[in-house]
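Labels for the chains are A, B, C and D, by order of writing; each one numbers its residues from 1.
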Amino acid sequence: MSRLSIQLPGLDLKNPIMPASGCFGFGKEFGNLYDLSKLGAIMIKATTVETRLGNPTPRVAETAAGMLNAIGLQNPGLEKVMNSELPYLERFDVPIIANVAGTTTEDYVEVSEKISTAPNVKALELNISCPNVKHGGITFGTDPVIARELVEAVKKVSKVPVYVKLSPNVTDIVEIAKAVEAGGADGITMINTLVGMRLDERTGKPVIANGTGGLSGPAVKPVAIRMVYEVYKAVNIPIIGMGGVTNAQDVIDFMSAGASAVAVGTANFVDPFVCPNIIEELPAKLEKLGVKRINEIIGRSHL
Amino acid sequence: MIQQERMIVVRQSEIAHHIFELTLQGKIVQDMNPGQFVHIRVSDSFEPLLRRPISIANINKEANEATVIYRAEGRGTQILSQKQVGDEVDVLGPLGNGFPVEAAPEGGTALLVGGGIGVPPLYELSQALNARGIRTIHVFGFATEDVCFYEDEFSTLGDTHFVTVDGTKGTKGFVTDLLDELKPEFDVFYACGPLPMLRALEGFYPEKKGYLSFEERMGCGIGACFACICKTTDQTEKDYVKVCSDGPVFPKGVVEL
Amino acid sequence: MSRLSIQLPGLDLKNPIMPASGCFGFGKEFGNLYDLSKLGAIMIKATTVETRLGNPTPRVAETAAGMLNAIGLQNPGLEKVMNSELPYLERFDVPIIANVAGTTTEDYVEVSEKISTAPNVKALELNISCPNVKHGGITFGTDPVIARELVEAVKKVSKVPVYVKLSPNVTDIVEIAKAVEAGGADGITMINTLVGMRLDERTGKPVIANGTGGLSGPAVKPVAIRMVYEVYKAVNIPIIGMGGVTNAQDVIDFMSAGASAVAVGTANFVDPFVCPNIIEELPAKLEKLGVKRINEIIGRSHL
Amino acid sequence: MIQQERMIVVRQSEIAHHIFELTLQGKIVQDMNPGQFVHIRVSDSFEPLLRRPISIANINKEANEATVIYRAEGRGTQILSQKQVGDEVDVLGPLGNGFPVEAAPEGGTALLVGGGIGVPPLYELSQALNARGIRTIHVFGFATEDVCFYEDEFSTLGDTHFVTVDGTKGTKGFVTDLLDELKPEFDVFYACGPLPMLRALEGFYPEKKGYLSFEERMGCGIGACFACICKTTDQTEKDYVKVCSDGPVFPKGVVEL
């Protein structure tokens, strides 16, 4: 297995594959389907200080080779996540990356401080990029100064390394990446969803109750690859890449562009066994490329 | 247990206008119960990307066969309707919690109310109830005559009444009009159909036990993505339920309508 | 036919369907396939002052429900376009929208001034958004101040109404839309392509010689619809919408979101007869929606 | 004239490892010439989105049938390889300008040089040349024996020599090695294959007329999108040519290699 292992700040990954935040809940449902210890890590659903009910339904809509979602950060709140959700995951040999969201800097600080003390939480992922929250959230992801300040504040309190999840809905993602690196981020995760909309064919109104939603799935992969490629050139912290990954080739592509590990989101809905399947396919893919250890391909696009 | 299986198409036919009856063979049939659903991937390509949730209409455990009845309207169901005998279909299931057959008292009567494409799961339910010696009354509403189906099948199981919006079959109007007229005697009711129908039924029989099957746009189908939630009326214990994993069937009064 | 007709600044459209710039050359190839007079208008390939050879090949790559291109504004230059390309199109009863590109404001001004005198050029489309040009071009599309100044300069010299083509690769497209409106733009066309990248599976290097390319096709439609929807709310000039249109339903969707007409790009490569086919399908679609004239559905998403 | 047609699959078989021979029937066959290509849409879905350019390998105007030979490697060609007899295939064509058969002098000899999946269009060319009484010599390079095809077919038309990179069939090496060895006598040569092969051939016979068929990634296939351009050596008259509409066949020396 050491062929697939990857070392990242706070994360000792058996392999570079992990479910993306919001596409795997808190693991329980998939834990009934396969042994979660197979995974490199798990990015759990965004956690906020208080319980969030999220947006009205419909919350999802299908698009060409993609989907829109506007879940709206629904989650049971920090306390319940720590008391009821995270302990379940302790039975598996898998590091947890806690996705942290909020409306104010104080929100982020509070969740980060507490959730980073959970025994199996090995890293935080600051969700400064969720397009589906009306107040706050989105501004953190589009303004480099605010983003940097947020990271600095969280770094002061977090017991584990801090990764920052970038929004693709910006003119210059490199600028934001550099800002969070300057703020002390230990790594970057990217990309979150692109803001999109689908209209009902008959009424012409948005299908998603929230109006807009976040676009994910294979359709966005070219945008994600381009952004990982650009950010890799500009920063010295590792990147966990995502956006449209559905198979082992996609993993190779993201790592070639510069990702050190890869998250799988939407594909879990299409095939709930996609993560273990990819992990199984990877060695043969590496063999074909004549690569011994998977970390050798990180950033090979740039050679 | 939830499994993913490439089931084999055993039969497929159009039984009403754009309404298809599809029978699939596979081992996951052994785990199926009335009111549960399957999540079907209609194509190996990215287009369409998401699975389609379809209720289980008939379960034949001896033959390892399950039947679904669906309307081929959008892109996904249209592709599904082109599958030929022998083709494989990628099925995730069985999903959700079905109708509680045991909620009907022994020797009692159950009222089954269905609307349009909500009727299919009531067929397996009716068989299961009849198998337990429970009498079933079927009251089904459809838009027009040409989309009605399974009249004979339901008639052999119990009293069957159709109502259509345009009056082309049975009486004219909605199921609630027909229920007003029929005034059926029963112990428990089960319903599946469009939201307005469920809403109308919710308070219709205040003194009776009732179970409603819901629909919501889905992502994962297994409870992980929070796409399919419904608010609960009782916001103290649980704020919301997920149609895919907590439902699709809920006792009446649980979901805020 | 008046059921489909649309009146826009400078443009008397028989129907709201026109091929998008760069996807129809200068019309000749498609003119061999069908009668171009069927079209509402034609947006010709970007024209620059001088001849441009464009980028090295490969210039296109396929992606999930989309494609990347990096043609690089290849065109024979203003003079040849006016002398050899535009006259061919005069034989058809169809207004031409000339796509204008350049590196400096002076370039845009020169092309606009001259090409707007061609008898069949009824409007200009300022391409301030082409992602495939290294120097200039892109900055015009991402900076509202520069965009406004460019529009003002061009408006002074153009003999025909000026539409501005917006880039989706920005944090806030509404800001740019308002800026070009303030600069005197007569209309907006949107969206140009999203910047993306595809890697070669074996080598890990970008497939497109230029590295990045512009993503178009059905994959981008949700982003395009969202942006048209947002811009429609914010400006009072008409929008010509595009991004992933392949059929009559897509046209209805764009017009519902707020577009007054719709351009078809990538779909011309998939089906060269797509434009006349859509025009033929539209009346039945309107019938089904119970709509008499197509302009009734413009912006119905917002009602 | 370029037309779009839903042609019918008449035959399809795997004639070498991952190499398929597909025969399609339709009226656009009447307009086809050797060296032209068709642009094939393999699926009505958006995935894959673009058409695939494939050379015409055989034209049978009496039967309205055309044959293409292609390697099923990527997603699009794999889908194409699953088409069954009777299925429809969306074809745009014929496209481009083919090989100038008349460039070979009456009673003369033509050398046909092909590499891998560049060999197919030379089959129709060879037939057309032979029909005009021109002798043909075929020198073809492949990677390995298991991807070689049409040895018998070409042998009945003229001298046929194979070379493989690994030496599993014919001599070992590249076509240029074999040409060095064979020193064929001829009046004009025609070539289709990978760029390195064309490049090697370009200056190989400086005194002979030669025609090279090129490949480039395509968008439209009809000359409108500027995806497939090649720089010309003579930058005075024309700066570039389009492989799809000016080519794919160019006289040697036209394209900068």
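One rule holds in what follows: contacts are C-beta pairs under 8 Å (C-beta built on N, C-alpha and C of every residue); 3 or more make two chains touch, one makes a residue touch a chain.
All figures in this text were calculated on a predicted structure; none of them were measured in a lab.
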> Is the C-beta contact count larger for A-D or for A-B?
Replying inline: A-B
> In terms of CA centroid distance, which chain is the most far removed from subunit A?
Replying inline: D
>> How many angstrom lie between the centres of subunit B and subunit D, each centre taken as the mean Cα position?
In response: 55
> Which whole number of Å gives the spacing of the CA centres of subunit A and subunit D?
Replying inline: 46
> Counting in whole Å, what is the centre-to-centre distance of subunit A and subunit C, each centre being its mean C-alpha position?
Replying inline: 34
> What parts of subunit C, by residue number, touch at least two of the other chains?
Replying inline: 63-66, 217-219
> Tell me, which residues of subunit D touch at least two other chains?
Replying inline: 46-47
> What is the shape of the graph in which nodes denote protein chains and edges denote touching chain pairs (line, ring, star, complete, other)?
Replying inline: complete
>> Under the stated contact criterion, what part of subunit A meets subunit B in this complex?
In response: 22-25, 28-30, 32-33, 45, 51, 53-54, 57-67, 69, 71, 74, 217-219, 246, 266, 268-273
> Any idea which subunit B residues touch subunit A in the complex?
Replying inline: 1-2, 4, 41, 46-51, 92, 216-231, 239-240, 245
>> Which stretch or stretches of subunit B touch subunit C in the complex?
In response: 46-47
> Which bits of subunit A are touching subunit D when the two form their complex?
Replying inline: 64-65
> Contact residues on subunit A for subunit C in the complex?
Replying inline: 63-66, 68, 142, 169-171, 194-199, 201-206, 212-213, 215, 217-223, 225-226, 229, 244, 249, 252-253, 256-257, 289, 297, 300-301
